[in-house]
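Each of the two complexes below includes subunit A, the first together with subunit B, the second together with subunit C.
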Partner chain A sequence: MSERIQQALTAFEKSLDRRLLAALEVCARCGICAESCHVFAAEPDFRNAPAAKAEAVRRFYRRLHDPIGRLFPWWVGAKDLTEADLEELAEIAFGACTLCRRCTMNCPMGVDTALIMRATRAMLTAAGKAPEMLTQLADAAIAREENLEFFREFYIDQIRELERELQEQTGDPDARIPVEKAGAEILYVALSGAHTILPAAVLFHAVGADWTLSMFEAANYGYFLADLQRARAIARRIVDEARRLGVKEIILAECGHAYTVLRWEAPNWFEDFPFRVRSIIEAAAEWIQQGRLPLDPSANPEPVTYHDSCNLGRNGGLLEEPRIILRAVVQDFREMSPNRAENFCCGGGAGLVAVPEWYEKRMRAGRRKVEQIRQTGARIVAASCDNCRLQLGDLNDYYGLGIRVSGLIDLVVNAYLAARRMKATAPAAPVRVSVQELI
Partner chain B sequence: MSATTLWGWIVLIALGLCIGGLGWRLYGLLARPYRPDRAQPRGSAWRGIVYAFTWGMMPWAKESTRRHFLPYVRGVLFHLGIFATLATLAVSPWRSALPASITMAGLVFTGIGAVGGLIGILMRIFDERLRALSHPDDYAAVVLVTVWQAAGMAFWTDPRWTAAFYALSALTLIAIPLTKIRHCIYFFFSRFFFGLFYGRRAVLG
Partner chain C sequence: MEVKPDLTLDLKGLLCPMPVVKINQAIKNVPIGGVIEAYATDPGVMADIPAWCRSTGNELVTIEKQDKVIRFVVRRLK
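Moving on, here comes the complex of A and B:
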C-alpha cells in the first residue's frame, strides 16, 4: 500500500463516525435518488446518480470493514483502494457533487450522500488530491491572519473610500463603516469586495445598528476541502475577533457556506460560543417585520424569482426569510418550481465555482436550474449566496438567459433608498408591511 | 423428534445467530464516535425525527417517490410482506389453533410480499440502472427473501410446507447480518440522523 493510500485511508477512518457508517451501510441500491441530483438531471448517465457516486466509496469501505467484502470481495463489489481510484474519487467528490443534500431529502433511507462525499473530500485532501485552487484559497485566508498588520492599513484605507460612498448614498455625512470597534453589538462579516459591504452598511445605518466590520472575510475554503484543521483556522479568526470585541452577535454577508460553517459547524469546533450567528437575510427580514425599514417596492418593478441556496435553505433552514424580504421589496415575485427545501442546486456550490477547469462541467450541471429560471419568466434572479450568484451569472452568459442576478440585500437597499427619496420629495408615511401580509 | 421439531430448533439457532450478528453490527456502529450538533437549533429535533419515520416515508412526501410511485409502493408492499413472514414464523407452532382470519391475512400479506419481491427481482435484472448498481449480493438477497415469503405463503396454504418454510427461515435469518438485508438495522439510525438534522434546522417536521 502506497503512502498516499495510507494517508487517504487514515483520514477516512477519522471521519468514520456513526452518521457516516449508517450512511455507508444503509443504501439498498434502489436507484430512486437518481433524478433528484442536478448533475444527473442535466446528464442522465447513471454514473452521475448519487447512489452510484457513493458506491465508489462503499467499494473500498466494504473491503476494509465488511467480513464478506474481505473474504469474497466480488460478491459485494468490494475492492482495494488504488491510486487510480483516488483520481476517480476526486472527480466525483469535488467535481460531480455539490454537497447539496437534495438526494438525501429524496432517499427513502435518508442516505446522507453529502456526508459520504465530505469524508471523501477529507480523504483526498489528506492524500494531496484536492483541487489546487481550493487549497491555495484556503491557505491565503489563513495567511491573512498571520500577516494582519500588513493588511490592516490597506484594508482600512479601502473602507474609508467605501465610507464616502455610504455617505453619498445615505445623504448622511456622519455615516460610518466602523472597523474593530470594541463593544459593538454586531460584528458584520462580509465577503471579499465592496458588493457585500456597502449595501449592508446602508441597512445598518438605516436601522441605527451598533455594528463593526470584521477584518476578515466570511468565505471558508477549508470547509470545501473538508479539511477540519484549515476550516477551523479560518473560522477561528472570526470567532476570536468576535470574542475580542465583545460583540453579542455575528451577522454574516449573503454567503451560503459561510452560514453553514459559522452558524452550524463552528459551535462544534470551539468550546465557547457566547454570541449568536445570523445571516444578514435573517436580520433584514426581522427589520422588515418590525417596520424599521421604509420600503418602496416600485424601485424593483421587474419580475423577480428567488434561487434558494442549498446551504442557506435546505441545509440551513432559511426558507421563509428570503420570501418575507422579497414580498416587501419587489413588485412581482415569482416562485421557481420546485422551491425551498426541494429547490435544485445551481451547480456551482461546494467550491466548484472556484475551480476554473470545471467551468464546462458546472455549466452542464446548471442546466436544470436554467430550465427552472426560464419557466418563471423572471428578469431578475435573486440569490443570497455569492457562489450561487457567480454561477447564475455564468449560466446567464452561457445559456443567454437575458436575466440579471442580484443579491437580496441589493434589492432591499434599492427599495429603501427609493422610499427615502420619496420621503424627501413628498413627505409620506413609510411603507410598512404587516407580518401577516408578508407570511 | 419429528422433522418439524428439528427444524424448529434449527430456526431457533439461526435466530440466535441472527441476533448475535446484528448485535455485532450494532456494536460496530455504536463503537464509532457520535458527534452531535452543538449549534443552537432553529427547530425541533423531535419533530424532525417523528417526521422522518412517519409522514416523510409516505409515497407523496418526496419528489423521488412521487416520480417512482409504483416502484416505491412495490417496495413498501415487499417490506410489509417481510414483516408478515416474520409474524408467520413467530406464530407457526400454533398454526392449527389460529382463526381463519389470521390464516387468510398471513396468506394475503406473504403473497403480496412475494409478488413484490418477484417484481423487484425482475426490475433488478431488466432495469439497466439497477443492474449497473447491483452486486451478486443484491440479487441473492432479494431472491432469498422472495422465496422465503413464497414459502410463508405456501405454509399458510398447506402445513406440509412447514419444513421448507423453516429451512428458508433459518437461511434468511443467518443471511440478515451478512448480506445487504442488514440495512434493516441501519435504516433506523439513518432516518433518525436525517430527522435530527432537518428537525434542528427547521427544514422538516
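Moving on, here comes the complex of A and C:
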C-alpha cells in the first residue's frame, strides 16, 4: 500500500462516526436520489446519481469493514482503494457533488450522501488530492491572520475610502465604518471586497446599530476541503476577534457556507462561544418587520426571483426571511419552482466556482437552474450567497439569460435610499410595511 | 526600477476569489523569476493578493491603488 493510500485511509477512518456509518450502510439502492440531484438532472447518466457517487466510496469501505467484503470481495462488490480510485473520487467528491443535500432530503432512508462526500473530501485533502486552488485560498486566509500587522494598513485604507462612499450615499458626513471597535454590540463579518461591506454599512447606519467591521473575511475554504484543522483555524480568527472586542452578536455577510460554519459548526468547535450568530438577511428581515427601515419598492420595479442558497435555506433554515425582505423591497416578486428547501443547487456550491478546470462541468450542472430561472420570466435573480451569485452570473453569460444577479441586501439598500430621497424631496411619513402584510 | 512584466492581466470587475484564481492560473504560464502585472478593481485584492503571495511563496513586488484601479506585480519564485 502506497504512503498516499495510507494517508487517505487514515483520514477516512478518522471520519467514521455513527452518522457516516449509517449513511454508508443503509442505502437501499432504490435510485430515488437520482431525480433529486441537479448534476443528474442536467446529465442523466447513472454515474451522476448520488447513490452511484457514494458507491465509489462504499466499495473500499466494504473491503475494510464488511466481513464478506474482507474475505470474498467480488461477492459484495468490494475492492481495495488504489491511486486511480483517488483520481476518480476527486472528480466525484469535489467536481460532481456540491454537498447541497437535496438527495438526503428526498431519500426515503435519509441517507446523507453529502456526509459521505465530505468524508471523501477530507480523505483526498489528507492525501494531497484536493484541488490546488481551494487549498491555496484556505492557506491564504490563514496567512492573513499570521501577518495581520502587514495587512491592517492596507485594509484600513480601503475602509476609509468606503466610508467616504457611505457618507455620500447616506448624506451623513458623520457616517462611519468602525473597525476593531471594542465593546460594539455587533461584529459584522463581510467577504473580501466592497460589495458586501458598503450595502451592509448603509443598513447598519439606517437602524443606528452599534457595530464594528471584522478584520477578516467570512469565507472558509478549509470547510470546502473538509479539512477540520484548516476550517477551525480560519473560523478561530473571527471567534477570537469577537471575544477580544466583547461583542454580543456576529452578523455574517450574504454567504452560504460561512453561515453553516459559524452558525452550526463553530459552536461545537470552540468551548467559549458566547455570541449569537445571524446572517445579515435575518437582521434585515427583522428590521423590516419592526418598521425600522423606510422602504420604497418602486426602486426595484423589475420582476425578481429568488434563488435559495442550499446552505442558508435547505440546510440552514432561512427560508422565510428572504421572502419577508423581497415582498417589502421589490414590486414584482416571482417564486421559482421548486423553491425553498426543494430548490435546486445552482451548480457552483462547495467551492466549485473557485476551481477553473471545472468551469464546463459546473455550467452543465447549472442547466436545471437555468430552466427554473427562465420559467419565472424574471429580469433579476436575487441570491443571498456570494458563491451562488458568481455561478448565476456565469450561467447568465454562458446561456444568454439576459438577467442581472443581485444580492438581497443590495435590493434592500436600493429601496431604502429611494425612500430617503422621497422623504427629502416631499416630507411625509416613511413607508412602513406592516408585519401582518409580510407574513 | 520598473519591472518589465512577462504577462499583463486585466482583472477589473472580478470579485473575490476570482482575482486570486486568475493569478494562480496565470502564474503557471510564466517562468520561475517571471513577473505578472495585473489590474483589478475589487478592493479585496489589497488583502487577498499579499496573503496569497505569502502562503504560496511568491513575491509581491508592488501593490498600489490609483483612483479605483489597483495595480499589483507578482514575481514567480516557485
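Descriptive notes on the structure:
Criterion: the second predicted complex is superposed on the first by the 439 of 439 C-alpha atoms of A that agree within 3 Å, B and C clash if a C-alpha of one lies under 4 Å from a C-alpha of the other, contacts with A are read in each partner's own complex, and residues count from 1 in each chain.
In this text, contacts are C-beta pairs under 8 Å (C-beta built on N, C-alpha and C of every residue); 3 or more make two chains touch, one makes a residue touch a chain.
Here the structure is a predicted model, which means the values were calculated and not measured.
In the superposition on chain A, A:Val111 makes contact with subunit B only, not with subunit C. Once chain A of one complex is fitted onto chain A of the other, the partner contacts of A:Ala140 are limited to subunit C, with no touch recorded for subunit B.
Of the two partner chains, neither subunit B nor subunit C is touched by A:Glu180. Of the two partner chains, neither subunit B nor subunit C is touched by A:Glu249. Residue contacts after overlaying the shared chain place A:Glu286 against neither subunit B nor subunit C. With both complexes superposed, B is the one of subunit B and subunit C in contact with more subunit A residues. When both complexes are overlaid on chain A, the residue A:Glu43 reaches neither subunit B nor subunit C. Subunit C contributes residues 15-18, 20-21, 24-25, 42-44, 46-48, 50-52, 54-56, 63, 65 to its touches with subunit A in the complex. Within the complex formed with subunit C, the residues of subunit A that make contact are 132-133, 136-137, 139-144, 146-147, 150-151, 154-155, 157-158, 161-162, 191-195, 217, 219, 354, 356, 386, 390. Those residues of subunit A lying in contact with subunit B across their complex are 16-23, 25-36, 46, 49, 51-52, 55, 65, 67-68, 74-77, 104-112, 263-268, 273, 276, 313-317, 319, 338, 341-342.
The touching residues of subunit B, when paired with subunit A in their complex, are 28-30, 32-35, 37-40, 42-43, 52, 57, 62-65, 67-68, 71-72, 75, 127-130, 132-138, 178-180, 182-183, 186-187, 189-191, 193-195, 197-198, 201-204.
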